[in-house]
Structure formats: C-alpha cells, structure tokens
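I've put the structures underneath this note.
Next come two complexes, and both contain chain A; in the first it sits with chain B, in the second with chain C.
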Partner chain A sequence: MKTDVFVIGGGAAGLAAAAKAAERGAHVVLAEPFGLGGRMLTHIECGVGGMTGPELAARLVSGMRASGRVRVLRTAVVRVSPDKTVETAGGDGSFVCTAGAVVLACGGRDVPLSGTGTPFPAGIDGIFTASEALTAHCLFGKRIGRRAVVIGAGGEGLTVARRLALEGTTVVGVTETASSPRASALSVRDCIDDLRIPLYLSARVLSVKGGDRVESVRVSSGSDEFILRCDAVVCAAGRLPDCSLYPFAEVCASGIPAVDSAFMTGSAGFFIAGGALHSCGSPGGTSLSDGSAAGRAAAAYALGGERIRASYSLTAGKGIGYVVPSRFAVGSEFRAAVRPSADIPSGYVIMRSPSGELLFRSNRTALCSGRETLICVPSEAACGDLIVSAEAI
Partner chain B sequence: MYDFLIIGGGVIGCALARELSRYNATVAVAEKENDVCALESRVPAAICAARSMGCGDPVAARYAALGEKMFRAYAVASDIPYIKTGCTLRFTPERARAVAADCGRYGIRFESRGACGTDGENPEEMFFPDAGMTDGCDAVYALRENAAAGGAEFIFGFSVSRCERSDGSLTAVASDGRRLTARRVINCAGSGGGPVARALGDFIYLRHAPVDMEVVRCDKPLGSPLFVGRDMLLPAENGCVAGTVGGCIPRSVPVAAGCRDAAARMAAAAGIDCSEPRACSVLRTFSDSMIFRPGNAEGVTHVLGAGVGGLTAAPAVAADYVRSAGLVRKNGAIPAVRRFPRIRELSAHERNALARMRADYAELVCAVPPVTFGEVREAVARGAKDAAGAARRLLRAGERGGVRFTEAVRRAAAERRV
Partner chain C sequence: MKEIRCTACERGCLLLADSDLYEISVSGNGCERGREYALAECINPVRCATFNVRVAGGSRPVVSSKTARPVAVAKILPLSRMILRLEVQAPIAAGQTLFASLLGERIVATSSVEKEG
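Right after this comes the complex of A and B.
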C-alpha cells in the first residue's frame, strides 16, 4: 500500500493532521486502533468553542471524511522504519504501507505507577492511572469504586475528580504535593470549589494499604498525618511524551523529541504532534493546532518536497523545563510551547541570544510548572539561536 | 504420593521440574503465589556467569559457569528467547582481580578494558563475550509449560507451614490444610526459602543485607548490556537487568518500572518495610549459597541463593540434581511446548494468516504494544490467573495494558471457568 501521508493515531492531533493534509491535496491513511477521538471522548469539557469532547471529535471526524481523501484503518501500528514504511497489526488487518511522510500523533502515556514516587503495593485491585479511570468510567460505564482518592491536582487529576464526583463516585480527596494546584484557576473552580471536593495541598501519600482491594491511603501534610478510607485510588501524575515508534528520532535532554517549528523531527519526513510530543493539557487545545501544522507540513513534504530550513535552535535556559520546538527557521514567526520548571505567579518568558542580548519578552503571565505556556515569537525575534528563560517580575 | 516435591515455582523450581519431568518420576511443584515466577520483573535478564564470580563462593561460581555454557542449547530445547550479546560489567579493583582469577579457573573468557574512573571511584571494566540475554519471565513460563507437558503438577496458593515425617516420605502441610506427600523434597523457595527451610526442620536464616548502589542511565543500545555499580547489577532504561530473587534492586530512580514492583514484592515477602518512596534498597544477599545442601531430614535438599544469576545457573543445577538422583529417562518422545506467537513479533503476512484462521487474533485489546484477544486467551490458557500475570506474559516491563486489556483477561478467564 502506498500513500502520501500516514497519520498514526486518531486523537485530536491525528484527526486535525489528517484533515489538514487532505485539504492540501494529499492522500492520507490514518491508523487508529480504538475510537476516533482519543482522549476527547472521555473529557466532557474541552475548552474549544464550548463543545464537549465527543462533539468536537464528531465534528473533526466528519470534517476529515468530507475531504474524501482520508482512509481510516482500525489497526495498531507496530513499527515505523526509517524508509517511511509503516507496519500495522490487528483490527482491519496487517498492512505494510509506504508513505511520503509520517505523522506520529499517538498521544502520550500516563506516568507509570512505579515512577510516581508513591509506593503502590503490587497485586492490589483498585489502583488506576488517570486514563484508565476515565476510560473505564466514561467509555465502558464501569464504576471504579464507591470512594476514590485522586493523587495529583493537575488538569488531569481535577478532570477525573470532577467526572467521578458528578457521576456517582464520592471523591474523598484530591492530594497534591505542591503547595498550589497545578491546574488553571478555572479548573480548580469547576472541580474543587463547585463540587466541594476536599483538596489537600503539600500532601504526600505515604502508603496505600489494602487486602485484595485498596482500603485506605495514608497522607502526610505538613505535620499532620491522616488516613483517607477509599476503595479506589486514581494516580494522576501527568503524562509522558511517547515517541517509541520513532526509535531513530533524536530526543532532547529533557526527554522531549526534538522537532522544528513544522513539527518535523531530525529525520526528514517524520513528524510528531500532540500528546506524543509534549504535555498538551486538555485534549482539543494545543494538540489540535499542533496536528494541523504538522499535517500541513507533512502534505507539503510528501507532495512537493517542500523543506523548511530550520537552522536555529531554541534551548531551555534558567527556569524552563523544556521548550517545543527545539529548532526554527530564520525570519518566520512561530509558536513555542514553554514549560516552566517552577511556579512563578507573575513573570515573563524571555528569549535571549547566546550572547545575552534580549530579543523577545512575553506579556506578563502566571507561570505554572504543571502546564505549558504558549508564546508567539514574532519574526523579528527569530533571527538567531535563542535561549528561553523564565523570570519573575 | 509424589517422587519429588519442589517447593517454590521460581527459576530453579521450574528448571528442576522440567528436568525431572523427562525422567520416570512424578513431580509436584508447590508455589505460594497464584502463578510461577510471581516475583520476577519483566525486564530482560542477563545470562552472565561473571556476576557470580569473585564472591568467594566456588559452588555458585561453578554452577553459573556451567549454566552459561549450557544456556544456548537449553534455550533452543525449551523455546526460550535468547541472544548472545556479550556483557560489560564494572567491578571494584579488588573484586575485578578475584573475578579474573575465577574466570580463569572456570573457563569464562573475558577482556579487561581497564579502569574507567567515574566520580572518585575507579571501577575496572571487563567484557565477557560469551554472555547473553534472555527474558526471565518467558524463560520460566517456557520451563513451566514444558514441565507440565511432561507430567509435572503445579499447585498454586500452597504456602508450606509445617512438615510431617513418616518412614520414607515427607508431607508438607499448607497453611490452609492441604497436604502434599513426597519421597524427596527440594526447597528452592528463594526469598521465602528461610521460612520453608524452618518448616522442614532446618535452622536456615537467610541474611538480608541492603546494598548501596547508584543507577546510571545506559546509553548503549541493547547490543551489549551495561551493568554499572559496585559489583552488582543495576537496571537501566536501555540496558538490561535481572530483577530476580538474589538480583539487585537499586536505590534511586529512574528505575525500570518492572523492577520496582519486583522490589516491593520481594520486600514484602521478606517482611521488610519498603515504604520509603523512591528508595527500594532491598537486596537479598545470601551469606553463602546453599546449592544442594542436604537438610536434617532425609530426603530434603535446599537449593537457595544460586548466585546473583539464578537463571544462569539453573540449567546446570537441574542437570546436576537429576544426575545425582540416578533416575531412568522416560521412553518415547516428550512433547516440546513452543512459545505462542506474539503478533508484534510476526511479519505482516503471518499476522494476516493467523487472523484469517482465528478471528480473535484480529481483535486488538491493547495498542502499545499491539496485543490481540487471541494472545490473551492463550496466555490465560497457559496459566495467567489475573491481569498482572497476563501482563507479564504479553507486555513489556512495568506495563499494565489499560482497561481493555484487563477486561479481556477477565473475559478469557470467565470463558475458561465456564
């Protein structure tokens, strides 16, 4: 099988990439093993035009189908080779497809339970990661428990807490190790204040105890220690980018794959967009625009061999965890996603040249280490290597 | 009454069961958990005899050397995945000298790569070209299936609490009252070996010693596993580790996910509180190995602490035991159980052919890595009792599989019950 653009993953980024690439005239094959829409299907609130996640997903799917050039395969991708051959398995069948450009939009993975720093005993039922809890609860209609504790008050944790609380599970508490919730104020208001879910800040989970099923969670907060009785624990520790399908792609020191402003990796013709690249926040936001840009660039690459000469680098400096993209083309404006490494209630994102000259300063914003801040870098600033840093006022 | 009762369904237990099942003897394996190699992590395991060298333990070193040499043929016979990759280890200078001496004595080739100074210490690096890599869990599952095909019985949920002796036989009594009688009993219960030994009437106490180690991220591709540390193995993300009983669990993160689970379970089994987050400093070091130590009661043998690499020594230990027991080989062909196909290891053509034959090999239950319902059914048929067991058979280290996978396991298990 041959195609112009092969999109891996049918979530927000994948659907947007497929739609955009088809709009630009490319033939697109999209491989999605489960439901088209990905995480949008489990999130009611998406923050895009007031639509719920499933509505947004349906709209994207119909937009994609309308172009008539997208073939959707219900299958999982096993392997991507450096010569742009994609091998799939299961579902509709095992195909070997040669593509002109490949877009990886498979989404990120939850931080595994053992990597969160909370000691979860093995062999106990009732411990879920955030996606598992949401999938079970929303897509399969299974109640994960009667009383749940959510560990982690980022966007994902608060979404889970809200959804569970709205639909019949008592959320006994949301714990967070930082001293403030790492989600936007809107989320906190919607989830915690409106539903009056107890929020424990600066709280560390010491132990999770239970027999066959989890029974209680011991939390220490400051000098207090208390026990929360529950029968389900949801660990919402964040998501990690996942480019394991591109073993040849270079990865930055921060763990984020290195891409340029068109979302192309160092290997020509291989694009990554959305949750697979960086932590996108609630689905349907950054991942949509990432996917569109990647789809447009992939179509341009596959059809016309158009190449962006991304020769300048964007590196993370003081106060920044990672920055996406890591390379950009001279003289073109681009959008950078910046993840601060510490909370700064009121600060600027500053871009300097390697010699220290100030080239760009963003507006004053609240910087939170729990989510990314999006910066539009104008073309005047994009004139050389840039080092990004975050400074308080 | 059985001829042999093996207590412990780990690496040594399953290897012994597989050997014994090829001879005219009835074998039973009693395992405390609900599945074999329940304390094994899913990370790749190294078959490297050098890890048991230079510790002043000649018995363990000898079996490890023999086992490493036998392993390739052993793997082919039981359909265990195995690649000969070579192995690089770093030792403190004193240990390096002892390792070099032992390797000469037991015939293990090595190349000395000189000192590689890192932060104050000056470890010596040595390369062992004959070492290889396998999948610890897959190996034990293959051994278990082959043993079962040869007639060995596996009894799960059997935790030995005491032992009764009568003339010519011993009866192991479980905490729930079940009884298993055999002429000879072999204790290879690994981390649980101490209590079992005491139940059998021998005062054996395994020494638990925490060991200080550092974790270094391994940048080399999986061609040659790189183990760093003060003469112990460490897991590293791209590297390889043996997270078995008697293996090492490191102190700090990042840690291969499967290893931390294994560490927690080993700690629980040993009664050590492993509640300090991010630091599972549990390591079982045996004061000396007890390979074929006879017990006080007649017919009892202890095989514990087969060096740092139990899997490496397993073929040699099993072959030796069978030889010393003086048994007669069974007549006729013994069925060899092959590893069942994982669709992600097949070619596209083979996958399509398989899906045409059986529709459940087309139904995806997990996308990363791709796993189908047919594989889940097969895993459950071959002994997976719960989602964790199926995950150990089908997924990579530390992966859970997600909701669809867990549901599929539940569905497959329910089908078997009906």
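Right after this comes the complex of A and C.
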C-alpha cells in the first residue's frame, strides 16, 4: 500500500493533521486502534466555546471525512522505519504502507506511578492515573470508588476530581505540592470552588496504606500531618510526550523531540504533533493547532510543494523548562509553546538574540509551571537564533 | 463577604465581593472586567454542567450529556444525583434530548450510542 501522508493516531492532533493534509490535496491514511477522538472522548466538560470533548471529536471526524481523501484503518502501528514504511497489526488487519510523509500524533501517556515521587505500595488495588480514572467513568461507566483522594491539582487532576464528584464519589481532598493550583482559574472555579472539594496546598503525600485495597493516605501540609480515609487514589502527575514508535527522533536538552515550526523532526518527512511531542493540556487546544500545522506541512512535503527552511534555533533559557519548536524559518511568524520552570504570577515571555539583544516581549501574563503558555512570535523577531526566558515584572 | 476567583483572564485574581442591601462592592480586581465578573457571580453564577448517563442496550454503557443552557451552580450537584439514578435506552444520537425537565433543565446527549449488536 502507498499513500502521500500516513497519520498515526486519531486524537485531536491526528484528526486535524489528516483533515489539513487532505484539504491540501494529499491522499491520507490514518491509523487508530481505538475510537476516533482519543482523549477528547473522556473529557466531557465544556471547553473553549462551550463545546464538549465528544462534540469536538465528532466535528473533527466529519470534517476529516468530508474531503473523501482520508482512509481510516482501525489498527495499531507497530513499527515505523526510517524509509517511511509503516507497519500495523490487529484490528482491521496487518498492513505495510509506504508514505511520502509520516505524522506521529499518537499522544502522550500519564507519568507512570513509579515516576511521581509518591510512595505507592506494590500490589494494592484502587490506585489509578488520571486517564485511567476518566476512561473508567466516561467510556466504561464504572466508578473507581466511593471515597477518593486526587494527588496533583493540575488541569487534569481538577478535571478528574470534578468528574468523580459529579458521579457520586466523595472526593475527600485534592493534594498539591506547590503553593498554588497548577491549573487555570477556570478549572479551579469549576472544581474546587463550585463543588466545594477540599484542596490541600504545599501538601505532600507521605504514605498510601491499605490491605488488598487502598484504605488511607497520610498527608503532610506545612507543620500539619493528617490522614485522609479513602478507597481510591488518583495520581494526576501530568503527561509525558511519547514517541517510542519513532526512536530516531533527535531530542533537545529539555527532553522534548526537536522539531521545526512546521513540526518536522530532524529526519525529513517525519512530523510529530500534539501529546506525542509535548504536554498540550486539555485535549483539543494546542494539539489541534499542532496537528493542522503538521498536516499542512506533511502534505507539502509529500506532494513536493513548498518546504520551509528552518535554519534558526529557539532554545530554552532562564526560567523555561522547554520550548516547542526548537527551530524556525527566518522571517516568518510562528507559534511557540513555552513551559515555564517556575510560577510567575505576573510576568513576560522574552526572546533575545544570543548576544542579549531584546527582540520580542509577550503581553503581561501569568506564567504557570504546570502548563504551557502559547506565544505568537512575529516575523520581525524571527530574524536569527533566539533564546527564550521568563521574567517577572 | 464572598471570595471569588476571577476567570475573566489568565491571571485569576482573587476578588472580594461585599454586599449590603443596596450595593455590591468589589475589591482585589486587576481590571474592570473583574468587577463585572464578580457582580455576575454574586447575583447568579451559572455554568454549563456535563454528566455521564447510563445507557441500556447500547454499544457503550454510558453517554455523555450536558445541560441545554447554563444552569445555576447550586443546581449542579442535585442534578448529578438525580441523573445517577436514571437510565436511557439506546440508540442515542448526539443532540438528542435525554430528559426534558430535571429541576426545570433540559439534558441533551453530546455523543451518540448505537444499539448493541
């Protein structure tokens, strides 16, 4: 089988990439082993513009199908070769497909329990990651417990806490190691304020105890130590990019795959977008715009049209955890997703040349280490290598 | 005195609203939008609420749903408690009304569920 663009993953980024590539005239194959929509299907809350995840997913799917140039395979990708051959297995069957361009939009994964810093005992029931808890409730219609503790007050943790509370589970508390929630004011309002869920800040989970199933969580908050009784614990420690399908990708110092402003990796014709690349927050936001940009560029690459020449570098400087992309084309506007390494209640994202000359300063904004800030870099600033930093006012 | 977290912009100021019989005064706001937001939150805070509803005879055991219009915050938990005890019959199409009036609110499906088999 041959195609112009092969898209791996049918979440927000994959659907957007497939739709955009098809719109540009490319023939597209999209592989997704589960339902089209990915994480949007488990985020049933109203998002931007009052649209819920499932509604957005349905709209993206019909937009993608409207072109008539996308073939969807219900199958899992098992191998991607450097010559742009993609092998799949299971579901609709095993395929070997040679593509002109490959878009990896296979999503991220939850930080594994072992990597969260919380001492979870081995072989005990009732411990879930955020995605597992949302999937149980929203896809399988199963409750994870009667009384739950949520660890981590980021966007995902608050979404889970709210969903649990609305499905009859008592959320006995949300704990957060930072001194403020790592989520937007909107999520804090909808979860903590509206549903009166207790939030413990500067709080560390010391131990998780139980027999066959979780029974209690010991928390230290400042000089206080207390026990929360529960039968379920949800660990919402954030998401990690996952491009294990594509081990050839060059990775920046910050641990994020290196891509240019059209989301192409160092290997020509390979693109990475959405959760597979960086932590995009609630599904349907950044991953959508990532996917569109990657799909457009992938079609252009496969059909031999315009290609961007990304020759200048964008690197993370003071106060920045990582920045996407890491390369950009000279003289053209681009979007950058910047993850601050510390919270700054009111500050700027600043871009300087390596010699220290100030080239760009964002509007004043709240910078939160728990989520990315999106910056539109104007063409005037894109005139040489840039170093990004975060500064308080 | 009421504490309100402002959602008018990303900064998320903590607003303080104090009201007597005639007037609501707002402090802690970084801008005028914060004041307007605090007034709306004091008088009648509303939200779009979403729920999973149990489905009988469907290809999936639950369907996602939302209130047809934003509802008062005080209604969200009581609504969720009622919905937990209810069940709808497959097939369901996105946009379909699941319950015409629960506490005076219409609940509509936000996804589709096919009949089993």
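Following the convention adopted for this analysis, the second predicted complex is superposed on the first by the 389 of 393 C-alpha atoms of A that agree within 3 Å, B and C clash if a C-alpha of one lies under 4 Å from a C-alpha of the other, contacts with A are read in each partner's own complex, and residues count from 1 in each chain.
In the analysis below, a contact is a pair of C-beta atoms (placed from the backbone, for glycine too) under 8 Å apart; a residue touches a chain by one contact, two chains touch by 3 or more.
Just so it is clear, the model here is predicted, and its values are computed rather than measured.
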Notebook entry, point to check: Which partner does A:G266 reach: the first (chain B), the second (chain C), both, or neither?
Noted result: neither
Next item on the list: With the two complexes superposed on chain A, say which partner A:P121 touches: chain B (first), chain C (second), both, or neither.
Entry: first
Note to self: Touch test for A:G317: chain B only (first), chain C only (second), both, or neither?
What the structure shows: neither
Note to self: With both complexes overlaid on chain A, does A:F140 touch chain B (first), chain C (second), both or neither?
What the structure shows: both
Check: Which holds for A:G63: it touches chain B only (first), chain C only (second), both, or neither?
Finding: neither
Notebook entry, point to check: Is A:G168 in contact with chain B, with chain C, with both, or with neither (first, second, both, neither)?
Noted result: second
Note to self: Quick check for you: in the superposed arrangement, does A:P33 touch first (chain B), second (chain C), both or neither?
What the structure shows: first
Check: On chain A, which partner's contacts cover more residues, chain B's or chain C's?
Finding: B
Check: Touching A:G384 in the superposition: chain B (first), chain C (second), both, neither?
Finding: neither
Next item on the list: List the residues of chain A that touch chain B in one complex and chain C in the other.
Entry: 139-140
Next item on the list: Within their complex, state which residues of chain A touch chain B.
Entry: 33-34, 75-78, 87-91, 93-96, 106, 109, 112-115, 117-123, 129, 131-132, 135-136, 139-140, 204, 206-207, 242, 244
Margin query: Under the definition above, what is the set of chain A residues touching chain C in their complex?
Written below: 41, 44-46, 50, 52-55, 58, 137-141, 165-168, 184-186, 188-190, 193-195, 345-346, 365-366
Checklist line | Interface residues, chain C side, partner chain A - complex | finding: 4-7, 10-12, 45, 47-52, 54-55, 60-62, 64, 66, 73, 76-77, 80-81, 84, 94, 110-112
Next item on the list: Report the residues of chain B in contact with chain A in the complex, numbered from low to high.
Entry: 253-255, 257-258, 260-261, 264-265, 268, 274-278, 343-344, 348-349, 351-352, 355, 361-364, 367-370, 372, 388, 398-400, 402-404, 407
